[in-house]
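Just so it is clear, A, B and C label the chains in written order, and each chain counts residues from 1 on its own.
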Amino acid sequence: MSHTLEELASYVGGRVEGDAGCVIENVASLTSANSRHLSFYTGGKHNTAFANTNAGAVILSEKHVGVSSINCIVVNNPSLAFALIAEKLNPVEKLSGVHPDASVESGANIDATAYVGPQCAIAAGVQIKAGAVIGAGCVIGKNCVIGEGSRLNANVTLNDKTIIGQNVIIHSGAVIGSDGFGMANDEGRWVKVPQLGGVVIGNDVEIGANTTIDCGALDDTVIGNGVKLDNQIQIAHNVQIGDHTAIAGCVGIAGSTVIGRHCTIAGGVGIVGQIEIVDNVHITVASIVTQSITSSGAYSSGTPLQENTTWQRNFVRFRQLDDMAKRLKKVEKQLKK
Amino acid sequence: MSHTLEELASYVGGRVEGDAGCVIENVASLTSANSRHLSFYTGGKHNTAFANTNAGAVILSEKHVGVSSINCIVVNNPSLAFALIAEKLNPVEKLSGVHPDASVESGANIDATAYVGPQCAIAAGVQIKAGAVIGAGCVIGKNCVIGEGSRLNANVTLNDKTIIGQNVIIHSGAVIGSDGFGMANDEGRWVKVPQLGGVVIGNDVEIGANTTIDCGALDDTVIGNGVKLDNQIQIAHNVQIGDHTAIAGCVGIAGSTVIGRHCTIAGGVGIVGQIEIVDNVHITVASIVTQSITSSGAYSSGTPLQENTTWQRNFVRFRQLDDMAKRLKKVEKQLKK
Amino acid sequence: MSHTLEELASYVGGRVEGDAGCVIENVASLTSANSRHLSFYTGGKHNTAFANTNAGAVILSEKHVGVSSINCIVVNNPSLAFALIAEKLNPVEKLSGVHPDASVESGANIDATAYVGPQCAIAAGVQIKAGAVIGAGCVIGKNCVIGEGSRLNANVTLNDKTIIGQNVIIHSGAVIGSDGFGMANDEGRWVKVPQLGGVVIGNDVEIGANTTIDCGALDDTVIGNGVKLDNQIQIAHNVQIGDHTAIAGCVGIAGSTVIGRHCTIAGGVGIVGQIEIVDNVHITVASIVTQSITSSGAYSSGTPLQENTTWQRNFVRFRQLDDMAKRLKKVEKQLKK
């Protein structure tokens, strides 16, 4: 599938600088591209790669026009334009039908344009809507709904009554609708509290590999539209995540916490249960959130990496921090006199 | 399945305040309950929901009687009573037999009252005891034993010779009995140390989605009775966890560490290898445990979340903490003179 | 399979102290060994176990000869010798052929000496080389290559075009080649950037249970020869890991980061994206790496575990650290005058 630079520029609403007839077959990075490839450049540490690229053309923004004589598509948002063109040049394969090695219970309702791969187990009452794709080895529990155009990669597990919206992508090993961690204590012994809620996933959501989302205890766990979840995220029962929030890998969110819209949460962050985080909050890498966040903005916790011997000295002193604060105050008082 | 409030109160050893004949069909949260629902109230942040609930009745403790005129079941431990009633009203479906789409090696011993779901692979020498349920897509390696009444949800993996007690629940994606991370170093190259031990799981254990428990190097990894493990926990080889300890999501425990009974370990905690933690220890969210804990009590590490700009200033100062401590001491000495 | 101590000593290039004809059937720990078992001793906390062992013989180094009168194999590197003997006495079972309950697309190329287990799904274009073993329930996407002698345990997922070298071991639940977390922002909405690269895994690599390795965005994600990865590690798109680096459980590495050779990274470490870490770097437990590391050595971050009440006091003071530093400076100035 090849296109002229003109056609691709027009597709993303950009203009061509250079040879508009240049033929592009695919996208590639600046370093691995050849003359049939389109690459992209956003400045910064990629200057050398840009100067030396063999790409046929590069997508960039107005401010980088003229830095090089290479053919360009000039747009306001090069990352977005690149994403759209990469998708156009690499369409996802269309599949339909139920593989003969799938196991489908009677009473499952699979649209004729949907696909169910080999080694899947689809329970009764499941609805798989038009154009949805269920990869090999997926297990879909009773009464789940998979919306139009959604795609489950291989070995995804949906427990009973999970509701998935449209155009959702779920990566391998993800588990949606597992029981929440709810227990009552009976004189030292833990008694399971049945987890009776469901999980409701909005439209245009992406869920990473081996991410887990527990069902609600009574009401549902809710993931908003356009939410993007990376790999190995843990989302406990009754969490609510607002639309268009993006969460990087290895984040854990404890039960009943409500996260706003358009938040970004970096990798390794931990968030305790029963709190609220408003819209447009940005939490930096590996921070621990122990209270509600009531104003938008960026938040952080943690200490800097140091060479081990130096760190040891500071690490030990942390134990004396309160003591130091009191002694400092005392010193200040003495000096005042 | 409906019951009068009287019947339910009697089931949990409570007393009714209000209409003992009120018919209850299921449980629900205070906010979503209707007149056929039983809810529960433990005070605190749920006051408004309690005041406005449409529930037919509410479980609560003596101290909250009279706060509202709603029908009540009064008990000492509302969470426990609610758990028991929720389970009574939502019994787990009984299944038995081997699904025709399961793959069972000859020499596996499956009780007639047990169930094996579609797309399972059951190896030779496996014993699946009375009433056990193996969900779709599970793989059970050689010589594993699954005790009476235990339930594996979909896509669980048990490696060879894993021993599971009675009434255990294992959630989807969990992997039990994978090789421990044992290596010898041969002049810079790592040589695998064969992992020859097993995993022994007690009775009444619950293991969360995508949690991993490695087999022992030589002796077994041991999980005590009544232990509750949330999602995405990593338990390394030869760890021992004492009875009735509960561990929240995303915790990692390194090799050969021994954890006592009745401990609680919050989400995101990391525990190094080869240490011992006594009974009744409580570790708070995301703490890092680098030494044995020899007294019961609560333990913590970590720094507070702050607005990013303020945090940056304190973050940088952490590097000077030892220096600050020395300078403070010097100042104190000078003042003494 | 039994051997004399003489034969085993000769196998690892060691010498016997004591009865060279002593017959050894297997390896065991010092505490569980009987007279037919070989154990090993490296000093330290195992002194009591060593003094009381019933083992037939023990592997140890020169410095521990004579501590006990037990039969010994004396070698320079007891851990390595033990690993080699343990493997010799516990050979991995040879399997070959395609299980009738596997689902293999036409166009997959499976060597006659390789094995494919039940409930696997093998896509078109896959190459499974001589002696490779694919455990039950694995899903292998299009055009993947699994090198000679490599072993995938049960329920592993390889997405399309993942390349696995020779003698690689991948544990259950691992997902290789899932999409990287790449998105462009379109006025508040996230647009997926197609992830078009692959994953290339070298020879002699081990990958732990439920570990995830994303495919590259354009170029490949690359794991070097001899790399050892523990369970529940997350490796983002375009990460490169140098030969013979070992990474413990629950580590997260963000996109495009390059890690050198012979590094060791302890459990729970987080490493941000787009940085470089040179060879021979050792990062201690749960440290957070936010910048490139340009010199070999050991690095750490974090604060000490404390009894909760004491910790609370220091935790709060961290917020004042910059303020304290400024006040200390002021005090020093005043004293100078």
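One rule holds for everything that comes next: contacts are C-beta pairs under 8 Å (C-beta built on N, C-alpha and C of every residue); 3 or more make two chains touch, one makes a residue touch a chain.
All values derive from a computational prediction rather than experimental measurement.
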| item | value |
| --- | --- |
| Contacts common to chain B and chain C (chain labels) | A |
| Same or different contact residues where chain B meets its copy chain A, judged by the half mark | different |
| Separation of chain A from chain B, taking each centre as the mean of its C-alpha atoms, in whole Å | 25 |
| Interface hub residues of chain C, defined as touching at least two other chains | 119, 137, 155, 173, 210, 232, 250, 302-304, 306, 316, 318, 320-321, 324, 328, 331, 335 |
| Footprint of chain C on chain A - complex, ascending | 27-29, 31-32, 45, 77, 79-80, 82-84, 86-87, 90, 99, 101, 117-119, 135-137, 153-155, 169, 171-173, 204, 206, 208-210, 226, 228, 230-232, 244, 246, 248-250, 262, 267-268, 285-286, 302-309, 311-312, 315-316, 318-322, 324-325, 328, 331-332, 335 |
| Footprint of chain C on chain B - complex, ascending | 103, 119-121, 123, 137, 139, 141, 155, 157, 159, 173, 175, 178-179, 181-186, 188-194, 196, 210, 212, 214, 217-219, 232, 234, 236, 250, 252, 254, 270, 272, 274, 282-284, 287-291, 293, 297-304, 306, 310, 313-314, 316-318, 320-321, 324, 327-328, 331, 334-335 |
